[in-house]
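Given below, in the form of C-alpha cells, are the structures.
Each of the next two complexes has chain A plus one more chain, namely chain B in the first and chain C in the second.
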Partner chain A sequence: MYVAVKGGERAIAAAHAWLAEERRGDPAVPELSPDQIREQLRLAVNRVMAEGSLYDPDLAALALKQARGDAVEAVFLIRAFRTTLPRLAASRPLDTAAMACDRRISATFKDAPGGQVLGPTFDYTHRLIDFALAAGLPVPPAPVAPPQAGPMPHITGFLDREGLIRPEPPSDAEPPDLTRAPLALPADRALRLQALARADEGFLLALAYSTQRGYGSTHAFVGELRIGRVPVAVEIPELGLAVEIGEVELTECETVNQFAGSKSEPPQFTRGYGLALGMNERRTIAMALVDRALCARELGEDVGRGPAQDEEFVLSHCDNIQASGFLEHIKLPHYVDFQSESEGLRARRAAALAGREAAE
Partner chain B sequence: MGLLARARPDELARLWAGLGAEPAFDWLRRPEAGTVMLRGRAGATGAPFNLGEMTVTRASLRLACGTVGHAWVQGRGAEHARIAALADALLQTDRAGELRAAVLGPLAQAEAARRAARAARAAATKVEFFTMVRGEG
Partner chain C sequence: MTGYTFAYLDEQTKRMIRRALLKAVAIPGYQVPFSSREMPMPYGWGTGGVQVTAACLTPEDRLKVIDQGADDTTNAVSIRSFFRKVAGVATTEATAEATIIQTRHRIPETPLAEGQILVFQVPIPEPLRFLEPRETETRKMHALADYGLMHVRLYEDIARHGAITRAYAYPVQVEGRYVMDPSPIPKFDNPKLHRSPALMLFGAGREQRIYALPPYTEVRSLDFEDYPFEPTKAGHACALCGDDASYLDEVIVDDAGGRMFVCSDTDHCRSRRAAGRRGTMAAPFEDAAA
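On to the complex of A and B.
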C-alpha cells in the first residue's frame, strides 16, 4: 500500500545532483562520449538494444552512459523512450538467408557450403588480461582475403531436403504482439519468440543451461550460428511498394535437437530458434535452447521435468524490466504496510504470551 | 531510396552540401520519428514473429515544380530524412543526373567499400581444414 507523503523533494534533488556528479566520475579523467561507447563497448550496446527491443545503437550508447553502465537500467530507459514513438509500420520478415555474414559457423557440418567463418570472435582467445590494451597502443590491421561470392545457405536446409528435420511450415500469418496486448497463455510460438528475443540474457542463459544439465533435456547441437547485416524492407503506403529503409545487424542460431517422435510423427530432428538484434551470440544460443524446450508441449513430449519447459514460468519471469520493477518497488516507502504488519504481530505475540501464562 | 536510408547522416550531409543550391519546397509531412517493428521467421523460414523495433524517421515534401519526394530513413535524424526526401524529389526532375553524380554515386561507392572491407576480413577468418595423417601400424 502506498501513502502520499511530502517532504523528500530537497533530498531527492540533492541525490540526483550527486548522481550526475558520480556519473561523471573524476573530472581529471576525460569524459566518455556516446560515440566511444557505441564503437568500443559494442556488445554492451547490443545487449541494451536486444533487451530494450529497439535497434538504435546511438540511443543505446547514450542510455548506457546515463545508466552508468547498468545494462538493466539502460534497457529501462530504452523501453520508456520507445513508448514515446509512434509505430509507423512493420517490416517484411527479415531474410536471414541473405545476410552479409561476419561470422557463420556450424557445429554439425564441417564442410557446409560457405564454410566455417569465424569472424571477430572471443573463441580460441586465452582469456588472459591484455595489459597492452591499457597502454592504448595502435591496433594492427586485420588480415584480409578475397571476399566469398557464393551464397551462404542455411545449414538446416540440408536436413530439410532429406526430411530429417521437422519442417518449419511457412506462413504469412499476422503475428501476435506482446507490446500491444497482454501476454495470453498458452502462448503460440510467435509470441514466445518475441518474449524470448527481449528477455533477460542471464535468465535465458540459466534456463538454457538447466536444459543441458538435464532439466528438460533436448540435446542440442548448434546447427548454425550466423552474425551479420540484413536489409530491412517496409511497404511504404505513400509509394505503394516495399523499399529498403535500412540495415540491421542480427545474430541467428538454429539448433538441431533430438526428438523421439510421437504417435503422429516419425523420429526426426527438431529445431530451436534464436534471433537477436546486434551481435549477441550467447543470448541467441540460449534463446534457441529455451525455444526448443518450450516446444515440448506441441511435440507431445513429457513436460514438467524442467522449468525451461514451463511456458508460464518462463514467459512470466523473463522480462528484466517487469522483474526489476516489481523487485525494486519494495525498497520504496511501505511505512503503513509495515506498521500494520508490526501491529498485527504485536497483538498476536501478546495473545500467544497471555495464553502461555494462562496455561502455566 | 535504400541507399539514402542507409547512408551515414554526416556523409550524406557533406555530399549534399556539395550539390549546390537547394530547391524551394513545402512540407507535406515534416520529419517524424517513429519505429518499425522488425519481424523474423521462426526457424528462419516459418511463421513471422515480432523481433523488436528500430527507429526510423519519415518525411514528405513538394518542390515548387510540384514534384513530391518521400523519405523513410533509419534512425532519428530529421535532417537525414529532409535531405533524403529532397533527393527523392530531385531524382524525378532534370537534376537527377547531377544528384547521381554528386551524391548517390559516392554514397554507393562508400557503402560498397565498407561492405567489401568487412567481407574481406570475414573471408580471412574462414577455416581451411586439413586432415592429419593417421598413424598406421
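On to the complex of A and C.
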C-alpha cells in the first residue's frame, strides 16, 4: 500500500505514455490530422475557440486532437496557452453590421432589408442517421446564388428608430477584462458579457432554458441571428491609421424582450445580446437570454425570480475550466483531512453509543 | 525550457502577484484579490500556490513541494517537476534545507526557521463561505469584523455534538482582526501557524485571492473559554519510525481491514528512521519499499 504511493514519479510517466497510446487508438486506422478536424468537426473547433477565448481554428483543432475530442479539456489547453501570449494590440470595435453573412434570420419580422438567409443550418433537417455518410461518398455541390449586394442592417435598428426598444447608450470607456483583473461584483454589463462569451455552453443553455420555464422569464424573441465574417482592424500608432489585419467568423444574436417599464422609463422592448467566435448558434442565443436576465437589477425588475438573474451565482459558476478543475480536484489525495474527519467521527460515535448504553 | 520566462509567468504577471503579496503581508489575514492566471494545471490543483511560488522563486532557491505532508504524492511530484522544468531551481525533500516550501494540506513537522517561505495551496479562501455563500456579503462581514455567525456556528456544534466538529480548515483569527481559513490543514497543524518564524503565504488561484501571515504573527484558533481549542491526531505511534507526536496517515494493509498508522510527513519519518528510530512494523514494510 505504502509502496504504491512511493512510485509517484514513475507511475505518472507510465500513465502519460499509456494516455498517448490511447489517444492514437488502433494504429491500423489512419491517424486524424488537425486539418481534418478543422474542416470536418468545425462546430467542435468553434466551441473550443469560443470557450478558450482564442480565435485560431488550427490550434483549436490540434487541442481537440490532443484532448481526444474532450471539448472542456481542449478549451483548457487553449486557455493555458493563451495566458502565455503577449498582447500586441487591441482591435478597433468590430462592426457586425458590416458582416458578410452566411446566415441571417429574424423571428420578429417576416422580411427585412437583406432578407432571411438560412445558410448552412441543421434547422429543418430530419434527424435521421445518414448511414450513407459512413461510406464517405463525395458530396454533391450545393446550389450557388449570387452574393447579396445590398446592406444587411441590424433588425433592432428598426425598433430603435421607432423608440420601441430601450436604447443602449454608446460609450468609449475601455471595457473591463476579467482575464487581467480579478472579478469584482457587482459587475457591469460589459464584464458580464465577457464572462458569458467564454462560459460553458451547457451551463448557458440550462440557465437560458430555466428563464423560458419561468425562473426569471424575459419573454425573448430572436430579433436577429447572424453568422458570417467580420474584418478586424488595428490602429497602428506609427502610421496614424487603422489597418485591416484579417477577419473572424462570428455569431451574433440580439433578442427582443419585454419590459414592463419602471418609474423612470415607459414600457418598451429591451435587448439581450449574444456573441461568439465561430458558428455557435445555440450558445449565442442562450447567452442573449442570460444576458437579458442579468439586466434585471439595472432595469429595476424583481430579481428574486430565478438563478439566471443572480449575477454572483452566474458569474462565479459559468467558467468550465474553473468548475471542472475544482470538481476534479477531489480526485487528489485528501487522506490527511479524511483521517482528521474519521478520527473525529469515531470519537463522536463512541460518545453517542456510550450515551445510549448508559440510558438503557 | 525555451520559449517561457523564468518560472513560467511573464515578468508583468509576477510583479502583479508580488504587489498582491506585499499588500497581503501588510494586512495579515486579509484576502487580497489578484488577477489569477490560467496555469497549465487545473484550477483546484494548486494554481494559486504555483503562482505565488513562481512569483517568489529566484534561481538560487531550493524548493520543496509536499502534498498531504509527503514529497512523493502524485500532485507534489507533478508540481515539483513543473518548477524544475520552467525555473531550473534545485529541489529538496529535506524541510530544513528548503528556502521555499509549497504545501497542500500540511505544515511540516520540522519547525520552520526565519528566512523560509511556506506557500499554501488554498481551495476556498473564505472562512465564512459555508455560512454565507455570497462574496458580496462576506466581504462586508470582514470589513465590519462581524464574525458573530462563525461563533454561533461553533456554538451550535458544541450544543449538538458536545465539541467543535471542524477537523481541518479550522478557522483562526489573525492578530485579533481577520478571521482566516488556514487552508485544509488538519487542526493538529494550527498551533504551528502561531508566531511562526517563517513567512506564510496563501494562494487561491480559482478564487483569485492571496493572503499572508508575516513571521511572528499572532494566530489564534477560534474557541470558547470553557471549550478550548484542541489539536487532535490518531492515538497511535508511527508504525515505521515510532513517533507518537507526529500527524499520522491511516493505511489499510489487508482485506480484513487491518491498518497501520504512519507519519504523513515523509521527510520527518525518513530522518527519524535514518537516526535509528524504529516503529512496530518498520522492517517488513521498508523491505517492500526498497
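Here is the rule we use: the second predicted complex is superposed on the first by the 350 of 360 C-alpha atoms of A that agree within 3 Å, B and C clash if a C-alpha of one lies under 4 Å from a C-alpha of the other, contacts with A are read in each partner's own complex, and residues count from 1 in each chain.
The rule is short, and it goes like this: a residue touches a chain if its C-beta (ideal position, glycine included) is under 8 Å from a C-beta of that chain, and two chains touch if they have at least 3 such contacts.
Predicted model only: the values in this text are computed from it and were never measured.
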- Touching partner for A:340 - first (chain B), second (chain C), both, neither: second
- After lining up the shared chain so the two structures overlap, which partner does A:283 touch, if you call chain B first and chain C second: first, second, both or neither? neither
- Message: A:316 in the overlay: touching chain B, chain C, both, or neither? Say first, second, both or neither.
- Response: second
- Message: So in the superposed three-chain picture, is A:332 touching just chain B, just chain C, both, or none of them (first/second/both/neither)?
- Response: second
- Task: Considering only the touch criterion stated at the top, classify A:82 as touching first (chain B), second (chain C), both, or neither.
- Result: both
- Message: For A:324, using the defined touch cut-off, is the partner it touches chain B, chain C, both, or neither? Pick first, second, both or neither.
- Response: second
- Message: Is A:65 touching anything from chain B or chain C once the two structures are fitted on A? First, second, both or neither.
- Response: neither
- Query: Is there a shared patch on chain A that both chain B and chain C touch, and which residues make it up?
  - Reply: 82, 86, 179
- Task: Could you pull out which chain C residues touch chain A in their complex?
- Result: 4, 8, 10, 33-40, 42-45, 47, 67-70, 72-78, 81, 104-106, 123, 134-136, 161-163, 165, 167-169, 184-188, 206, 208-209, 232-234, 247-253, 262, 264, 285, 288-289
- Quick one: which bits of chain A touch chain C in the complex? Just the residue numbers, please. 1-3, 5-6, 8-9, 11-12, 76, 79-80, 82-84, 86, 179-186, 312, 316, 321-322, 324-329, 332-337, 339-344, 347-348, 351
- Message: Under the definition above, what is the set of chain A residues touching chain B in their complex?
- Response: 49-50, 53-56, 58-59, 82, 85-94, 96-97, 100-103, 110-111, 115-121, 142-148, 154, 156, 168-179, 189-191, 193-194, 197-198, 231-232, 234, 236, 238-239, 243-248, 252, 254, 271, 273, 275, 277
- Message: If we count contacts the way the header does, which residues on chain B are in touch with chain A in the complex?
- Response: 1-2, 5-6, 32-56, 58, 60, 70, 72-76, 115-127, 129
